Structures are given as structure tokens and as C-alpha cells.
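Same chain, two partners: chain A is paired with chain B first, then with chain C.
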Partner chain A sequence: MSTATVTKDPEVRVAQKRKLTPTRVLLYVFLTTMAVAWLFPVFWAAYNSFRDYAYTAQNGYVSFGGFTLDNYAKAWADGNFAQLFLNSAIITIPAVIVTLFFSTMAAFVLARFSFWFNLPMLILFTAANLLPQQALLIPLFRMFREVGMLDNYLSVIVVHIAFQTGFCTFVLSNFMKALPQSLTEAALVDGASVWRQYWQIILPLCRAPLAALGVLQVTWIYNDFFWAVAFLTSGDKFPITSGLQNLRGQFFTDYNLLSAGSIMVAIPTIVIFFVLQKQFVSGLTLGADKG
Partner chain B sequence: MSTQAPSASRSATDPPPNKKLELLTGRDRAVLAIMVIIPALFVVGLVWLPALISVLLSFTRWNGIGPVSDIDFVGVQNYVDLVTIYPSFFPAVQNNLLWLVVFFFIATPLGMFMAVLLDREIRGSVFYQSALYLPVVLSLALIGFIWQLIYSNDQGLLNAVLGTQIDWFGDADINIYAVLVAASWRHVGYIMLLYLAGLKGIDPALREAAAMDGAGEARTFFSVIFPAMRPINVVVLVITVIEALRAFDIVWVINKGRNGLELLSSLTVSNVIGEASRVGFGSAIATIMLLFSLVFIVIYMISIYGERENR
Partner chain C sequence: MPRPPGKMPSPTALRRSSGGLRTPLSRRTLLRGGASLAGLAGLSACGAPDPNAVRYGSRSTEAIPKEAFDNVFAAFKAETGLTVDVNATDPNTYQEQINSYLQGNPDDVFAWFAGFRARFFEDVGLAAPMTHIWDEVGDNFTDAFRTACQNEAGQEIVLPFYYYPWAVFYRPSVFEANGYSIPENLSDFESLCEDMQDTGLNPIAFGAADGWPQMGTFDYLNMRINGYDFHIELMAGQQRWDSEEVKAVFEQWKDLLPYHQEGALGRTWQEAAQSLQQGESGMYVLGLFVNQQFAEGEDREDLDFFNFPEFNPSIGAGAVEAPIDGFMLRNDPENPEGADELLRFLASAQAQQIYVDTDPQIAANVETDTSGYDPLQIKSAELVANADNISQFMDRDTRPDFAATVAIPELQRFLANPEAITDITSSMQAQAESIFG
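And now, the complex of A and B:
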């Protein structure tokens, strides 16, 4: 379907027989340095999240010891994490499902039929995803206030849907265009309705891009900070990414606690990183692949 | 030139679908219309319409609270005020430009360079790739928190190692650079992934031909490979610019975009949900952001859809 970037190809095995020249040694030293430097900030947060505040206050952070799990328990309780994680789920799950549903429908029409409006519509969808969100805040804020949707999950959900549908429609329409026309032509001649063509023929073939986009969208919407901060006012409605801020407000200097909170917030995306790497990467590069 | 696997790469060259539109029944047409209109209404109503209203509001004075009839038309006064009496405007423009410069000249080339290195036959390539793109799955807000452990004035790692007492995120002279290091940390991995995908799509014959002509590796890359990745280059350019323009979360988490960390995005937001609600003023900043992004959006749209017309 798409370029699986992080895969092992046969070339790697060839490389293992290759002789180590000084240039190659230098290359490996450089790559290892980069990798260690890149992993370090996350490692550092994880390391200190397991350490007692009193210990690090006394011995400094560049020390070894004082290990504890208390920060996690405290961050979970004080930060109201159970509620915030639930809020993230309440926002992310419907937003991703509706986004994918909308964009498969729009992509189906725009990719499988030659209407005059296909190109303007594709531009309308694709370009919307690239506008700076902050520039839309004022009218949206006022609109949501007018209809009583401020401090309501729904405001965040619908804006996510509107923004992400553009990107997904773009990716899915490219994919659907590449599916052979004969797939639906026969159905059309047989008199199958367009809805059946969409639901029973095209959609089942889109599993791979939908998986990739689904993983990507879950990550993006889960990671959103701005829309939640903009439209939600009560702290107990914040999704976890925006709610982490509260932890710092209360415990400004307790970096161990903040580390534990940060690591917990990162866990779902780290799981995606390890388990769904292929989907995430292909989702990310799907949009870029089109030339 | 597409970099997708064979099945999907045909999309670019296939003739447009020649579905027999006249075979559609009235009901089918209605269904198709609904299938595209509902998503389009969301996108128009919640993205394009607000963008347009922002532009209109930038020519007005309004506190955003009163009824719409309170809105006074003031012409370009908000723009004049922005450049003459608003002290945060030029620092914000400067910071956004700095963001763009650092991304464009440092983070993006570094990401490309790492992709070029890792695209070759390298032992443990997967490990190196994964390490570099780990930050891509993290939100910029979270990155702000994680880097506080390194930058903190009294407890941060950097000061402990250097033996200094610098407030990296607080000192208005240097905090933007500290933030840019953290933001670049994420950007490099993102760009690397895009270029890895691009490089995988390069026809090996191109490389062989260049090698046979006696071109060195650097030469091959710059005169053969890089031009062949034009679609990816455009995407990367657009992503780099848009990300630099949209940057918000990380500075908002640190200090709500004040004291050295002013950005156009944070000024827009401060003018709306801050103490003094100056809608016209905030909208003028929003409009500047919109115009700037539209330039690159148009470039991108031409790049992905423009050629289709000729096929």
C-alpha cells in the first residue's frame, strides 16, 4: 500500500558482510551519538519520574538513587488522571471515527466519479487542513458561545472532525483513484446503488489506508492541546494533553511529579510508536507521497 | 513522480475516472450529493467560514462579548495599530521568522541528511530511525514539559552539568533558542520520515546511472536524487513553513507566549481569551497568519493538483 519506511530489507543483510572502513566507523559513531542524544530527553524524564523528590532535592538530579513509584500514584491522583484520560477517549474516539467516515464518503464521490466539482472540492478539503488553527479561534469561539457549546466536548470534537477530514479525504481519494474502475463498473451496470458500491466494494478495500490514518489521527487528536484549551474551561473536562498543565500549576517545583505525569501522558503514543509503528509511519507519509 | 508502492502510484498517471454519470439514477445522484455535502459543510462551516470571518473582523473594533450590532467598522486601523503601537507585534514576527529560519536551514536539512544516511545499507538502521522519530509521536505541549527537566533554572540538567544558573525558558534573550532546540528535536524526525519514504521511491536505476557516469555520492544526491524527489521537497517545504507559522503549544505551555516567546499565534489567542478581549486586533494578526499560510498552501495545491489538468 504505502512505503513502509521502517522495515528490514535484504540490503541490510548484505551490509553485515561488508568490511568496516574508517568512514563506516565514523558513520556509526555519528549515528549512535545522534540516536542517544535523541532518546535522552525521554529517558531523562522517565529516569527522574521514578525518583523521590526529597532525594533529588538533596543530591541533585545528576545522581543515582531514591527510586520510588510514588510520583506515579501521586500524579495519577492529584492530576485527576483517570478523568482526564477518559476525557481524551471521549474526544478522540468519536472524532476519529466520524473523520474517517466522512472522508471515505467524500473521497468515494470525488475519486470514483468525474463531476465538474471534483477538483475545487479536493482543494477545499486539502487546503483546510493546512490553515493555522489559531487564526480561526475568534469566530469559532463566538459561534460556540452563541449555541452554548463552550466547555462542551462536542465543540472540540466537531472542530477536529472538520480539520482532519480534509487531510484524510486527500489521502483516501488518492488511494481510491488507484483502485481499478472495473471494480464498480460491473456493479453499476448491474444496477447496484452507489451506496452499495461504497459500502460493499470500495470500503472493504480501504482497510490498510484506514488503519494507517486511524492510528495517525488517534495520535494527532490525542496530542491536541490548542482546541481543548481554547474551548474547554473546566479543568475536569480537559483531555490529558491539555490537563497536564494543571499538574504543574499545583506543584510548580516538583519536577519528579511532572516527569511521572509526562510519562503517563506519553504512554499511549509510545505504545503506538512501538506496536503500530508501521501504520503510523505510513499514515504520516501517505499524504506526502502524492506528487 | 510518485513514491508510493506500485498499486497506488498509478493514481497520478491514470486518466480521470470515466464513470458513466448518465447511468446514475436520481436516487444515486442524491446519495452522492449527500455523501460529499455533509463533510464539505463541516469543513466550510468550521474552517473556511471562520477564516473568512476573521478577515472581516480584522477591519472592525469589537470586544467580542456584546451583540454583533456593536461591531464598528474601523478600516485598516487595527493593522496600523499593530505596526505602530503594539509592542509585541515585531518581536512575534521576528520569532516566527527565526522559527522558520532554524527549521528551514537547520532542522529540515538535518532530517534530510539523517534520511540519506539511514537509507543506505546500515546495520541497525531501524534502531536509528526509531530513535530519531520517537519525538514525532509526542505532542509539542508534552515536549515543553519534558524539556523543562533539562532547562529548568534550579533543577534542570543543563545548569547542573554546566554549573550555570541560567533560566533557559525564562530569560527573554535566549528562551526562543531553547524552545527551538526542543521544537527541532521533533521536526528532524518528522522530516527524516518523509525523506526516507521519498528515497525509497527513487528508481535504483537513477542511482546506478549516476554512479556509472562517475558522479560521487554527494553529487549524485544533489543533481539526481534530490531533484527527483520534487513532490516530497514541496511537501517538506510546506510542512516546514506551516509548522513554523502554527507553532503554539510549546510556548503556551512555557509562559503563554510572553517575555521573549511571542509568536503570532500566541498573540492572536491572548487577544481573545486574555483579560482584554480585542477581537479586531486579534483578527488582524490572524489575517496576517492566514495570508502567509495561503501563499504556501497555493504553492502546494498547484504542486499536487496543477499537473492533473495536463494529463
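And now, the complex of A and C:
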């Protein structure tokens, strides 16, 4: 949409002419304050990530100067970021794809068929979400140690899939329940198998919730390093979130360097969000009502 | 067609009526799935141990220590032909993870600390004694180092590499400008603090937000007031925390607190060091690593330290806090000969020299050439060489669970409310009893 069409829009013109009442002024003040309060830490980190530690140590953080790009280059090299970004991709991509694949299948059966176990299964999936992950750390650690899967990406991926499938199944089954029954009935009459109904009828309609869940799952799995730190022991297999720890010394931490690293680590989730933003917003509300 | 009520029949019902479902998965899809699973499994690199390689678990991921170790291992390869496979984890994760790391498949040689904190892993059989290495290289280290590296049975379990002392740091330029002199004893120290307050300087920089820096102050006060032996016994759970001796330490600390920077609980050590750097504070009790806060060159050259002063002439100031970092040997290593070779090399003056050339620590090996040291390194080496006893810092001299779950919160409670000494000491004693058993 171009700016020209925006100004021609009658509604917008009305909004522009709307009188500034005291309540409106108050609203704007409130909204601006909240926005600044939320954005300030991020901008502060971004600002200081471009500054030299020696300068801020001498002059304090409330100062202007000492600008440099070195923090980014140093963070990338010292934090071993190239390798760790790759590790995060190795963990996140299969985990998200398999989670979504499994949960669409589970949700399809739970939502579209009437088995006696549908409700108990759905309760189980939802209840398992409430289980604190930490409670399972020791049994899982021992199990993986017994089968020799410690220090192996697979252990982290499998645990992520197991924990995330419940939530995704819950959301997807709500969405699929809202799809008209007649869609699959018509396919059934035409002789479509269950697989075909799932793969060719229902799944293409789930694009919006899948995008929404995709964004959430990528963010959660990418940001997690609890399981990675629990199961991986080789420093060069850790995900990028632990790369930030690489930028901290045993005692001394260059906080400007750490800010530069944090900004870089945050970029992929922001990119994913903006790419899928449209579907994300519509996907969040799509399952909410039974249309 | 009228819409039937309810959902579709279940597949089993369908099968009954129509005589079976078609296979939902085609062969191609199955093969594709299988291939991707195999690819996943392939992500785990597994192989037989290489006889020409030694696996080393490192906690050095920062640029300078990493480069220093790379240089050491390059020299090791040139000397012996053995490669070192370095598995580097950042120091914070490494320390948090050490338990699960050692229970999994640890590296043959791994970085750790001397003192009480090493003994636990040897006790439970995760690390092995290295008396056979010490028999060969023991002359390279002082007796104080040997003691710090032994288990309770007197076997050596750690190989020391480098150390850094704790002391009272100051800016020589500030001392010179104001005509201050180095305090030798408590009364000198107190009058120096008062002089500083008179000139508008905050006498002692102090940050306790990290939890551990204040342990250094406690350790020194305890060693100066009650002596080294009492301190070590207290750390080992053999003395009482609610004793008059410990209370005297807290009382003394309470008297000195007005000279400390206010609001310490909300300040990290780096922020406290910054106040020394910017000339707002006069002194700071911390480890040598404080110099990392100061930019190399002029800023760092204007930094010096003196030994923590004597509080009681009959006890003196001979005990110095100098944590030693070193290596431990995994129990049942994959390449025992290679691991021994590596430990022997790391103990040598040659290896320690290569390391400290890049990372300005102080080498543990007494034969190391000190000509390349900067003034602070030389002074540190002298301080420790002349020390009667060396302590390792509270979180290494006592059980880690006591240090983390009892000492940190209780010391912070003391700083928040210095009047509650009796309450704090009896609470620490009760918790010590339950931890040490």
C-alpha cells in the first residue's frame, strides 16, 4: 500500500481531524512511556554494543563516544559464532519440523475422528505441558547415558520434540476441529484414504497455525539451552545461546562485547518473526473461535 | 446430501465396512523418512580413541587464554608428536556442568582447581590420583602448592599450572598525590581509611552483587585474626561457625564496614573496580584479575597492590590467598600414556613459560623464567613465594554446596544487617552441620 492511498482513505482523514481531548493526550503519554520503557533496554544494549569497553569504563555508561565496530568482529570470532549458529540450526530445524509433523498427525486424528481415547489423549498432551522440564532432567540424563546418547545432538532434538509436541497438538487440534466436517466427508466419498485426507485436505488449510507455531517453536527451541547444557559436553556442539557465555570470562565480562553478541544472537528470531508475521498474527486468532 | 450428525467414523470402523485402508505411507516417503533419520543419527560423531591424540577438557574460551593454550599444545605436539583434542567450554558453563560432564564421557585431562573443591571428584571416583606424575615433577613446585593439590590421604590429585593472589589494590598515583603510605597493620590501615575519608575519597571499593567477592574479605580477616590453621579447619567443617573466633571476625568487619563503599549488595565487582579506576575509591580487596578492568598501557600501569595488613602481631600477615588453577586426570583415561605425557609436559617450566608469555598469569612452576613478567606479576610471585601459607579462596577451600548455598546468602545478609552477627553465625553453624554431617 502506498502513502497516497493511505491519505485518500476516508477513515484515516477522519482520524487526522479528530480533536485532541485530554483523555487522548493522556493515552498517548501512557503509550509512549510504555513503548520507551520496553524499548529502552534493547536500544541501550544496541548503543553500547558499538562502544569500546575502555571508554565506557573510564567515562561511565552515561557518556557519548568511544564508538567502534570491533565488538561485533570480536564477538563473532571469540564466541565461535559461525560454528554455534550452525549447531543451533542443526538442533532447531529438525526439531521444529518433526514437532509440527507429529503434532499435525496427532491433532488430525484427535480432531477429526471420534475414538474413545481422544479426550484422555488431549488431556494428557495438555497436562504434560504443565510438567516442569527440570523434574525430568535427571531421569533423562541417566537414560541417555545408558544408551550412549550423551553429547549427541539427537538427544537434545528428541527431548525438544517430546516436550513441544503436546502444546502444538493442543493448538492444532483446536484449529482442525473448527474446519468444516464436510471437507473430509466429500473426500471420503471420493475414496480418499485417511493419509490423503490429512496430507491433501487438512494440512494445506493449516498454513496459518503452522506458521504461528513455527515462529513460537523456533524461538523457544532456539532460545533454550537448558537441555543442550544438560546433554552436550563438547564445547563446539553447544547452541548459539551458550555462545554468549563464551564472551564472559571467568571473572571479567566486557559488557559491551556481550551486548554485541546478544544483538547478533537475537537477529534470527527477529527475522523469522518478520518473515512469518502476517501468518503469525492471523494464526494466533484462527483457532480461537469455532467458525 | 444431508450432513450426518457427529464426526466421521474412526478408521477401524471404516476398515470393518470397506475391507481395509490403503497404506497411508508410500514406499518413497518411508525411504525418505528413513534417510533423514539416518542423517540425524550420523550427527553423532563416534570413533575409536586415537592413540596419537589426548583429549583435554578446557574452560578457556576467551581469546587470550585460548591462544595461550594453543601455543602450549603446539609445543607439546612438536615435542612428543601427540595432538591435543581440545574440548573448550566457557568457564561458567564448565563449572556448572562439571558434575554431569564427569559422569558422561569426560576428556582424559581436564581443567580444574586445587583445594577442597578437587577432592570431591576424586573421592567419588571420577578423577584419578596422579602421584606417579608428581614423583617425577614434584621438585618444580613448593610444598605449599603440593599440599594444596593433595587429597585427604596425601595423594596428589591436581597438577598446578598458574595462580593469582588476592591483595589490596590501589592507584600509586592517588597514593602519591595524597602522601599516603602502605599500611602495615590494623591501626595504620584504619588511619589511612580515615585520611581518605577526610579528602573525600571512599576508602575501600566494595561490590557484593556477584556473591563471591566478599568471601575474599572474610578469608583475609579470618586468617589475620584467627590464623591460617583455624581458617582451613573452619572451611573443612572442623571448627564452629558460631564460635567466639568467627564472631570476632564479623565484629571486626562490622567496624570496618563504614570505610567500605555503600550499597555494595547492588554492585558487581567490575563496577566497584571502576570506582577505583575513576579515582573515587582508594583501595580494593580483590584478586589480580582486577587488572582486566584496566585498559592495557598507562591505565593498567597505574595499578599496584600490597599484602592485606597484619591485625594481630602474634599471627602476622604470612598467609596469602592465592587460588591455583590446574589439571586433573580422568579416572580410567582412554589414552593413559598420552594423558601422562601431557601432564608431564604441562608441569614443565617450558610449558608454563609459553602460557604466561601470552596470558599474564603467574606460573606455578618455580623454575619458570620470570624475566618477561610485568611488575604486578613479579610482585605477585614474590608475595606468594614469601607466604607462610596459601589459602585457595572460600569457594575452593570448603564444600561448593556450603559456599554457594550458605556462605553467599549469609554474607550478603551480614552486609545488609551487620547487627545480626549472632543470628547469622548460629544459622551458618546449623547449616554447616547439616552439610558436613
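We adopt the following convention: the second predicted complex is superposed on the first by the 251 of 291 C-alpha atoms of A that agree within 3 Å, B and C clash if a C-alpha of one lies under 4 Å from a C-alpha of the other, contacts with A are read in each partner's own complex, and residues count from 1 in each chain.
Everything below uses one rule, namely that a contact is a pair of C-beta atoms (placed from the backbone, for glycine too) under 8 Å apart; a residue touches a chain by one contact, two chains touch by 3 or more.
Predicted model, so just to flag it, every value in this text is computed and none were measured.
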Quick check on the chain A-based superposition: chain B and chain C, clash or fit? clash
Which partner chains sit in contact with A:S182 here, chain B, chain C, both or neither? Use first/second/both/neither. second
Is A:M149 touching the first partner chain B, the second partner chain C, both, or neither of them? second
Considering only the touch criterion stated at the top, classify A:F141 as touching first (chain B), second (chain C), both, or neither. both
Touching partner for A:S114 - first (chain B), second (chain C), both, neither: both
In the superposed arrangement, which partner chain does A:R248 touch: chain B (first), chain C (second), both, or neither? both
After lining up the shared chain so the two structures overlap, which partner does A:G235 touch, if you call chain B first and chain C second: first, second, both or neither? second
Return first, second, both or neither, reflecting whether A:N80 touches chain B, chain C, both chains, or no partner chain. second
Between chain B (first) and chain C (second), which, if any, makes contact with A:Q200: first, second, both or neither? neither
Going by the contact rule stated at the top, is it chain B or chain C that touches a larger number of residues on chain A? B
Could you say whether A:P41 touches chain B, chain C, both of them, or neither, answering first, second, both or neither? first
Give the stretch of chain B that clashes with chain C in the superposition, choosing among 5-13, 23-31, 113-121 or 221-229. 23-31
Residues of chain A contacting chain B in one complex and chain C in the other: 60, 112-115, 141, 181, 184-185, 188, 193-195, 198, 229-230, 242, 245, 248, 253, 255
What residues of chain C sit close enough to touch chain A in their complex? 3-4, 6-11, 14, 21-25, 36, 40-41, 43-44, 58-59, 61-63, 87-93, 96-97, 100-101, 103-106, 269-270, 274, 277-278, 287, 289, 292-295, 299
Contact set on chain A toward chain C in their complex: 53-54, 57-58, 60, 74, 77-78, 80, 90, 94, 112-115, 141, 145, 149-154, 157, 181-182, 184-185, 188, 193-195, 198, 229-230, 233-236, 238, 242, 245-246, 248-253, 255
List the residues on chain B that touch chain A in their complex, please. 1-5, 7-12, 14, 16-21, 23-25, 27-28, 31-32, 35-36, 38-40, 42-51, 53-54, 57, 64, 114, 117-118, 121-123, 125-142, 145-150, 152, 154-157, 160-161, 182, 185, 188-190, 193-194, 196-198, 200-201, 230-232, 234-236, 238, 242, 245-246, 248-249, 252-253, 264-266, 268-269, 272-273, 279, 282-283, 286-287, 289-290, 293, 296-297, 300-301, 303-305, 308
Quick one: in the complex, what on chain A touches chain B? 1-3, 5-8, 11-12, 14-16, 18, 27-28, 30-32, 34-36, 38-39, 41-42, 44-45, 48, 56, 60-62, 102-103, 105-106, 108-115, 118-119, 121-128, 130-143, 158-159, 161-163, 165-166, 169, 174-175, 177-178, 181, 184-185, 188-189, 193-195, 198, 219, 222-226, 229-230, 241-242, 244-245, 248, 253, 255, 258-259, 261-262, 265-266, 269-270, 272-273, 277, 280-281, 284-291
